[in-house]
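Chain naming follows the written order as A, B, C and D, and within any one chain the residues start at number 1.
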Amino acid sequence: MGKRVAVVGVGMTRQRSSRPDVNGQELIHEAVRAALADAGMKRDDIDAVVIGNMDHFEGINYVDTWSVDGSGALMKPIMKLTTGGTTGSTVAMAAYYHVASGLFDRVLAIGWEKNSESDTTGAIITAFDPFWDRPIFAGAVAGLALEATQYMHLTGATEEDAAYVAVRERRHALNNPFAHLHINLTVEDVMNSPYLSWPVKMGDMCPRTDGACALVFASEDLVEEFPNQPAWILAVADRHLWAYTSDPYVNQALENGWWFPALEWAAREVYDKVGVREPLKEIDVAELYLPYSFAGLRYMESLGFCPRGGGPELVRSGATDMGGECPVNPSGGVMSSNAIGATGLLRVAECALQIQGRAEDRQVPDVRLALATGFGGCFWSDVLLMGREKPERSRG
Amino acid sequence: MAGEKNGEGKEAKEERKELIKLESGEAEQPFRWSAGTYGSRFLSELRDNCRFVGVRCPCCGRVYVPPRRVCGPCFRELTELVPVSDEGEVITFTVVSFGFVDPSTGRQKPVPYGYAVIKLDGADTYILHYLDETDPGKIKVGARVKAVFAEERSGSMLDVKHFALLRA
Amino acid sequence: MEDWRTGQEILVMEGRIKVPYRWAAGETGTRYLQALRDEMRFLGTRCPQCGVVYHPPRRHCPDCGTECEWRELASRGVLVTYTVVRRHHSQLTPLDIPFAYGIIRLEGADTGFLHLLHEFAEGELRAGMEVEAVFATEREGSVRDVRYFRPLREAV
Amino acid sequence: MEPVAVVGVGMTRMERERRPDGYADLVYEAVCLALADAGMTIDQVDNVVTISNDFFDGRTISSMAVQDACGSYDKNISTVEGDGAFGAFYGLMRILSGSFGTTLVCAHHKGSESDMSLITNAMFDPVYERSLGIEAVTSAALQARAYMDRYGVSEEDCALVSVKNRANALRNPLAQLPLELTVEEVMSSPYLAEPLKVLDCCPVSDGAAALVLASAERARKAAGKPVWVRGVAHCCDAYHLGDRDLSDVRALQRAAAKAYSMAGIDDPAREIDVVELYDAFSYMELMWLEGLGFCGRGEAGRLTAGGATSLEGNTPVNASGGCLAGNPVLVAGLNRIIECALQVRGEAGEHQVEGVRTAVAQGINGPCGQSHCVWVLGGER
């Protein structure tokens, strides 16, 4: 049986549009140093390092070996994982399995990106098939716009419904000193912002960000050593289903009304493992990878927070605001900071802080159960459930 | 949490202080991607016959367009070639209006353009392609479209210039 | 029925990834490159904890993470190892063939750094020999502001 | 460590150019072979780890291309970007965690589609090194020179590795470059970057591989003879080439020491029967043999010349022909593990070594073997 695993140290850089004052290794180092200090550790205490980003955003191959000056992996095991937008959550899951395996007791997970160093859309387009997709595809913004169009068509949701999500995320970010965007937007501001790719407007999208995040994962045998309360990983799951950018639309139709199968199936797996039946009631806070506003409607439905088509009503009800039944993205989420390789890991970091009661101005009271997700690839999903109480057994 | 103070107020400092950046300039990574046997069949049919083909899964019956060797859900090898129509239906669409670099050229891609996820008649999976319309008000989910082929064809998706909206 | 896959003509796409990059040297890298560009001087950084002088400079020690301090280095040093390159590559080859890559430990530094060697006679290069930097006339703030290193010539 | 076994293996042929098949086609072939070998269907695979590299594939999220082909539909899946030995390690950990009983690990590579020099130039730092044009072969040449200078190893010593491994490849039907060579022929092949000559270097290859790992309980249900993972570890040295003594093998030594201690091995030369290591360049086999503790530093040339590492020797090294006989990058480390598993099973065919009970496989990441992963496999738990 595997070890139970907790997050015991959190480090992040301030998320910024551009960090020309540091190179990539130095940016990574900032987050690593913060995480080690937070966990009261020295570099020598780390048993292994897991790192992730997307190669073509910085144009650096073999980032695991390149990063050593900053990651602290000198003469240690380091492994790179990359799965696109889900990279950060993938890294968190890999760190979890490193510790759960019993082979490593203290593992550093690092996610980072310097989006300022390239053309983000240009780099993302290279994720898609050079024959079928690449000549036409226009990157994440336009890809998400396809989803938004379909969502509105199927549910009757409006652009204004989505704007409420954008406003909530930016309002929450005002409480987070690490967030990239600190702007107070109104629904009108979002509605009046220019179209990037119809129906997606500037105000609906995440920014391009430079930033890094590092977490320390520790085995149940050692959690007493650390100054922070452990934030336990209760369950993790992912689904990466498709190979071509138009496949997800197919599967929705074929799987008899599955809305977003990758997210639904992964969520179902972690809910079953932990025994969650009514997510909205039972989960105290959610840090979700919502790369744009419409995701804040549709993905809530896929996660079982409301019935299909119920996203707009849920968001307008205030249930996902600070003080609501289940605040979503108290950090401001992806729409306020998106250093892609760091983004999924930041969701886990924020859940850890919430569980530990250390989220300061963005703290939700008495968090016992927190949900983190990663989104990316071709509508792929990673899902992690975290909690305050040590689980009865390991059930990754 | 131990937050890092670096990065605070940097924006202001940058104006005063030079920070060097190194540029990749004209550097590029060239590739010779094989379309594979299945992709080559699809593309040569486009090039030579202005025709779309797919492959049918012997297990679930799905017709994959463009063709591929494996049906993911069934994990079965696909062999049966199936002709599909050059007409179909818009599943979803967008109109791109923001500027970005085309990674195939290193230059800005011309915008605006409309593109769609299209279900060809007889296919169960969809393709992406350009539409001949840039006004989102004039495009509808469910609209009928037909492929318009290029005069000069070389065996690529761009052998189809775009899909034309069929107006009633 | 014959399998259609047998004898299918295979199409190959000549493509490329050409995403433009602008890599930040950072404050540490900028100061280093400015010294090369403006003063034709090499700078390293020293870890106050380990005592190691790193070149190229590091903001923090890769070994212990301590913040490093600046040190001036000579523009000559010892060739640690080298390779004479005989194959030309259209995008990569920086100098006329044959040239060499070398790892050079400058006077004052504890680590070597990678650069080019030129102006050497066939068979002249040896590990342990002294080499000196030859700077470019037009300098723009990159490691190529040093054109290459060459075997140290005694002052004429 | 709880017992975990390799229960199914599959490798495609390694070829200069496998034009009719894309990444997905190659992966499907390897996965089907591994499942058949394990006597399993895809339903018995609990989770999947794929291995690929966005640069080599010319594709961000390179794993996306193989989602259908790796059989991961509605399963947990992740992707390691690095050599197969590292990816397999992640697959192993996912079983040890207790969450999964089996992991399918697969890797693909098509060297024919990219420019190896440009791809490997991109592993060098964009601020300090990349504009110098350094890449895999020229950086390896720096290391070869440093090693040869320090220990008095000759080019002929290295050439002998090429001769031996290409000859071994004559017995491996999956090898790309089986050759009957002489040391003189290697010596007279043209220099790419001194002291490396064309015949000291691995070819550019296309290929894929897959293996199935299983817990003890699940291994009992598999068809073939389980090959147990007795120890595995990895370790990474400094990044900038000048920060390292390139002739040094300390990261490999540390990884090997950990893997050996897990496996209870005190004297590798005596206790290990066969080695498959990452010989992308001939000199690497010598350096890595020393790092793996089969002889003292600087002695591997003599060991090789004495025949100890030949098919008939005490510890045959790269009986399959190694990377010198075919190097689909990333797949290479998986191939090393698979070859070891086949040797332990006694099913390596023409290049089978007599009486193999324990085998060592090694893979590397980064320039000049910066990061090493070492696996010890054996017939007994």
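The rule is simple: a contact is a pair of C-beta atoms (placed from the backbone, for glycine too) under 8 Å apart; a residue touches a chain by one contact, two chains touch by 3 or more.
Owing to the predicted nature of the structure, the values given are computational and were not obtained by experimental measurement.
S.K.: For the pairs B-D and A-B, output the one whose chains share more C-beta pairs in contact.
M.R.: A-B
S.K.: Computing the C-alpha centre of each chain, which chain sits at the greatest distance from chain A?
M.R.: C
S.K.: Need the CA-centroid distance for the pair chain A / chain C, whole Å please.
M.R.: Here chain A and chain C have centroids separated by 37 Å.
S.K.: Chain A to chain B: how many Å between their CA centres?
M.R.: About 26 Å separates the centre of chain A from that of chain B.
S.K.: At what distance in angstrom does the C-alpha mean of chain C lie from that of chain B?
M.R.: Measuring from centre to centre gives 40 Å for this pair.
S.K.: Could you say which residues in chain A touch two or more other chains, in rising order?
M.R.: Those would be 19-23, 33, 56, 58-59, 68-69, 74, 119, 122-123, 126, 130-131, 241-243.
S.K.: Please set out, as single numbers or ranges, the residues of chain D touching at least two other chains.
M.R.: Touching at least two other chains: 19-20, 24, 55, 58, 67-68, 72-74, 115, 118-119, 122, 126-127, 131, 238-240.
S.K.: Mind pulling the chain B residues that touch 2 or more other chains?
M.R.: In chain B, the residues touching two or more other chains are 19, 21-22, 24, 29-40, 43, 68, 72, 101, 103-104, 156.
S.K.: Quick check: in the complex, which residue numbers of chain D touch chain B?
M.R.: These residues of chain D touch chain B: 18-22, 24-25, 28, 42, 55, 58, 67-69, 71-74, 110, 112-115, 118-119, 122, 126-127, 131.
S.K.: Sort out for me which residues of chain B touch chain A in the complex.
M.R.: Residue list for chain B touching chain A: 1-4, 6-8, 10-11, 13-14, 19, 21, 24, 31, 33, 35, 39, 43, 62, 66, 68, 72, 91-98, 100-104, 109, 115-117, 124-130, 136, 141, 156-158.
S.K.: Looking at the complex, which residues from chain A come into contact with chain D?
M.R.: So the residues of chain A touching chain D come out as 1-3, 23, 54-56, 58-69, 73-84, 90, 93-94, 96-98, 100-103, 123-124, 126-130, 237-243, 261, 265, 269, 376-378, 394-396.
S.K.: Mind listing the chain D positions that touch chain C in their complex?
M.R.: Residues 19-20, 58, 115, 117-118, 121, 126-129, 131-135, 137-139, 141-146, 149, 190-196, 238-243, 246.
S.K.: How about chain D: which of its residues touch chain A in the complex?
M.R.: Counting only chain D, the residues touching chain A are 1-2, 24, 53-55, 58-68, 72-82, 86, 89-90, 92-94, 96-99, 119-120, 122-123, 125-127, 233-240, 250-251, 254-255, 365-367, 370-371.
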